[in-house]
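Only one structure is covered here, and it is reproduced in the block below.
Order as written gives the chain letters A, B, C and D; numbering starts at 1 within each chain.
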Amino acid sequence: MNYHRPTSFEQASTIAGASDGTIRFLAGGTDVLVQLRADILTPDDLIDIKHIPGVKDISRTDDGGWRLGVAVSGAEMTEHAELSAEWPGLVEGMDLIGSTQVQGRATLAGNLCNGSPAADSVPGMIAAGCTATVTGPNGSREVPVEEIPTGPGKTVLAKGELISAITIPARGANGGDAYLRFIPRTEMDIAVVGCAVNLRLDGDTIAQARVALGAVAPTARLVAECADAIIGTTLDDATLDGLAHAASAACSPIDDKRGTIEFRTHVAGVLAKRAAKIAYDRAKGASA
Amino acid sequence: MAEVHLWSGLRSLADGKEMVEVPGATVGQVLDSLVAAHPGLEPALQRGVSVAVDGQIVPNSRNHPVDPDSEIFLLQKLAGG
Amino acid sequence: MALDGQKTAYKYIGTTPDRPDGLDKVTGRARYGADISMPGMLHGAVLRSPHAHARIVKIDASKALALKGVKAVVTRADFPDGLDGEDWNLQENCMAGEKALYDGHAVAAVAATSPLIARDAVKLIEVDYEVLPHVTDVDAAMKDDAPVIREGAADFSVPEGLHPNVVRYFDSGRGDLDKGFAEADLIIERSYTTEAAHQGYIEPHACLGQMGEDGRGELWVCTQGHWFVRRMSTAVLGIETTNIRVTPSEIGGGFGGKTTVFIEPLSLALSRKTGGKPVKMVMSRNEVLRATGPTASASMDIKMGMTKDGKITAAHGTFRMQGGAFPGAPVDVTTMLAFANYDIENVHHIGYDVITNRPKQAAYRAPGAPMAAFATESTIDELCRELGLDPIDTRLKNAAREGTRATFGPKFGPIGLVETLEAAKTHPNYSAPLGPNQGRGVASGYWMNWGGETSASVAISEDGTVTVSIGTPDIGGSRASMALMAAEAFGIPYEDVRVNISDTGALGVNEPTHGSRATYASGLATIRSAEDCIGKLCKRAADKWGIDPEAVIWEDGCAKPSGPNAGEFPPMSLAEIAGEMGSTGGPISGHFEDSPAGFSGSFGTHVVDVEVDPETGRTTILRYLVVQDAGKAIHPAYVEGQFQGGAAQGIGWALNEEYIYGEDGRLQNPVFLDYRVPVASDLPMIDTVIVEVPNPGHPYGVRGVGETGITPPLPAVANAVREATGKRICNLPLRPSRVLAAIQGKG
Amino acid sequence: MSKQHITATVNGDEVEFLCDTRETLLDCLRDHAGIMGVKEGCGTGDCGACSVTLDGRLVCSCLVLGVEADGAEIGTVEGIAEGEKLHPLQRKFIEHAALQCGICTPGILVAAKNLLEKNPDPTETEIRYWLAGNLCRCTGYDKIVRAVMDAAAEMREAS
């Protein structure tokens, strides 16, 4: 295994493009090293992107959003007071991944590129409307986060391409987001189901919403039917039931050691309701 | 003669008896007398049994004394974690 | 059966001083299994079968041997033929012969100059497998169409007509069941299952073996019992037992799982093949979960009858247990202890030991008892519920006490079940208010404990301290307990006692730290060795004073004349006698060896409150209380620690821990991510009450406390979930999907 | 097989070693630097026995490559005491019987020290969640949590 330490994304892209074997980009390493240790995958070229300038930065964008470097760890996000206040759901999603120790290393981009349908940070990013900057041999482009994963362990990234930043849109007024996941224990598990809700209020009425589900399909997905079920409502009980039905209907999960189809489908609805209520309360709080 | 009580799985090897009276001044002598009286019990005893003499389990102690009026129970072999 | 007059007033016993090995263990200095290294050391790695059941047609290691740095490969061909019984089972489990019997079964092992090269080499070994049909479930393995795992594995006890996978059969009981059930006002019958749980010690198995061409050598290993390791490893290798000296390292948890061998004989075989180079082997977590012994899984049918005022009239239990590909599921103990909490006239147990394509089970904390407790204590809870009876009062009504004829035959001596029930009943947790979706569960449990072969020495040192040498590795603070007992026996400060865990070359045979025996048996041996020393110390004083040794007594750490008639001499302290030892007859030490028969069981009663999320089926433990009889708590903090640890393991087994096998017979969750032991945020504080009903068979009244604590949690948690949800769930673990299905009426 | 030359600071001392790119920081600390207080319980970041600080951040050393540690500051259990003076956490762990077998103790001490540096007055719940990645199979966590709370209280009083 060759270890590379590029100092620019262009250089990282060139190394990746020139490799004849398997390559992996190394940021937090919390997935790559597990695969290495378990003999699932030993890359021929491992490209450590932590030494590229700016990858540890959390900065405001011109329109009031946030730009996160690809080596920003979960712990650094959680410790960032302004970011946490504006996007508590997105930050919680990241914070739920693994232990305190894992939080010291794991990154949003890594969680996204690992391609797990159960990745905890991804529904929150999708609901928030985040984009990923993809840098490759032909320069850079912005890609909505929901378009990055294409199936378990698979992404749209072509050879020589990598994510060079994550952009979170401006929070704006009267908005709130939340992410909930279901696990059997209180910590240290992979999500059996995850659900993120991001919404904006006009008075007491939900004016805009995005709802994303994790671990119930081959990729985390944006569920328009869930958003439609709550837009224009004040989140009354009937609406919540409608949301739960829409969430359950959007599920096409698998049976595996972590959960059954029936359980995941049911719990997706439960979490959608609970996350929507939290997001709604946060938006109310933001507008109060 | 000490009373030796057999668990039900052993009774078929001892002519259906629940209790057998055999001579012996030690656990070892009692077990030997038992096999002499009921040879069918030999494989079970060889596999290993625990012996309780008057309520006390006496592992690995063939020399443990047995009184003429002692009450002896054969128990399944014990282990621990 | 008191061995001696029992002490009741203590100076050191019952205090909680710092453990002697504490400093090493908080500074990172303590050396565990994987921390031992030697010059010229090689590193071993094991190739394991990916198949649950397969004939090994051919093994080609030529490519591995060609890799630079690889020094040796061993397969079963390197081990002797002709073993039988449990020795053969051990050998077959350490290294597969004609067939791989489970996913993870060792097929070959490599020694190389680095761990990475050893792991690379393993991947280069080519094995031709002929995959065979497999079975991993106990009920499926007993069916007519189940694949036969091994012909001729059954012993004399198995009745005709059963599947060859049934390898042992147990049948015990007494009284008249028909009469007993006829006397009942309510009879409940239920079937239950529990899944296999792993001991989950955080330290993977590790050893360093060195053996020359002459078949002599040494082994350093993390183990609960190094004499067991010596006997088993040498049996597997077909060499004389004492050819190997075994030294135990510190041990990072065992819970029964480190009372046998897996990699130890392999490291010795590899070492011999490399001309005597030391070979270190360290398992990965994946190997630990796939290839070492979890406990058995169980399928059980219980029928119990009760009168409307709460008297149990009859009990019948059938227990089917699989312990992997070899005989040994602890169904013998399961059947013995199933109903042992209670005074029941009419009782019957049937047990089946069944082999499957899973790893060979190993002992796990009260082996066999928790499964049975889950089934029987759940059934009693259901009887109480239907008859409107209080679960503690009902248990008190039926509780075994001194003089009760146990369901397994003999009469109980002094025991503490009643005391634990009474203490639980008056504890504030039993009357704490409960909210919606919350429930309280009660269960009792028992472990009969063990004495076992024990040998110890105590030496007086020239500086006035004493050194205790025992043969039971310290897993949970037992050095502190030994030092307290020695301090008490000698009447010298705790700080003046040193405790040594000796290797196999320094003491007679010792059984492992298992069966809740270390504090009881090694403690007894320490006290008796001290008394042996004290006799010699008194003799030295008597010689100095020129009086009869019989006229000298030992009091408060000093030799004193026994009375005015003996003469007027100032007391001589241990330190004074020790200081002159070299010129008064030489070293002084005391010894003791026995298989002590004075052990006595420990009963416990647990009370747990849970809350169940009605929409997801997830269970949260709100409060937990352990009440258990310790006989006499030597170091109460470590006694509490045993209670709390046992409860936590039992909670894990009840809620989320399980072996999950796929259709392909492979273990789906050989990683802590998915083998879900409780984490810190899963548990509340675990309240404890130590009950002390002294054991007359120990000088200070000690009962072993290590194992009982894992027995009540399985039914206690299930009973609490029953109250919180209104649903009786008879299958563990109580994973959320299962609980939710029950709540939704689909269970 | 070419190896990389790594220079790092471990518990304040400069340490150099050669490592294969596939070796983890855990492997390097144990096998090349002789730092044996770092334990391997799982190798996959699930148990916390190998916890160290990397430039002040709590991490599992099994999830860091040795080559990544070049130039880094690493803290292990061996660096917790100041000379002969034990850290309050170390004393409280002994005093509260917060260890039984002791294999998880080094990782838990490193993690708990890192917590108290960030939060000198953590609640029981905060301690339990902070330590959720440090498995202990012996104690049921009760005495560990109590020891951390007691050490925190003592440190607050002393400061």
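Throughout what follows, a residue touches a chain if its C-beta (ideal position, glycine included) is under 8 Å from a C-beta of that chain, and two chains touch if they have at least 3 such contacts.
Keep in mind it's a predicted model, so treat the numbers as computed, not measured.
Which two chains touch most often is answered by the contact tally, and the pair is C-D. Computed centre separation for the pair chain B/chain C is 26 angstrom, with centres defined by C-alpha atoms. Between chain A and chain C, the centres computed from C-alpha atoms are 44 Å apart. As a whole-number value, the distance joining the C-alpha centres of chain A and chain B reads 68 Å. Chain D has residues 22, 43-44, 46, 129, 131-134 in contact with two or more other chains. Looking at chain A, residues 37-38, 186-188 sit in touch with two or more other chains. Counting only pairs that meet the touch rule, the chains in contact are A-C, A-D, B-C, C-D.
Put simply, chain C touches chain A in their complex at residues 119, 123, 284, 286, 615-618, 655-656, 660, 668-669, 671-674, 676, 678-679, 681-682, 735-737, 740-741.
On chain A, the positions that touch chain C within their shared complex are 37-39, 182, 184-190, 192, 256-260, 262-263, 266-267, 270. Put simply, chain D touches chain C in their complex at residues 20, 22-23, 27, 30-31, 35-44, 46-47, 49, 76-78, 80-81, 86, 90, 93-97, 99-106, 109, 124-125, 127-129, 131-146.
Of all the residues in chain D, the ones that touch chain A in their complex are 4, 21-22, 24, 43-46, 48, 51, 54, 57-60, 62-65, 67-68, 111, 114-115, 129-134.
Of all residues in chain C, those touching chain D in their complex are 16, 18-19, 21-23, 25-32, 34-35, 115-116, 199-204, 250-255, 282, 284-285, 475-477, 635, 637-638, 640-641, 644-645, 647-649, 671-673, 677-681, 683, 685-686.
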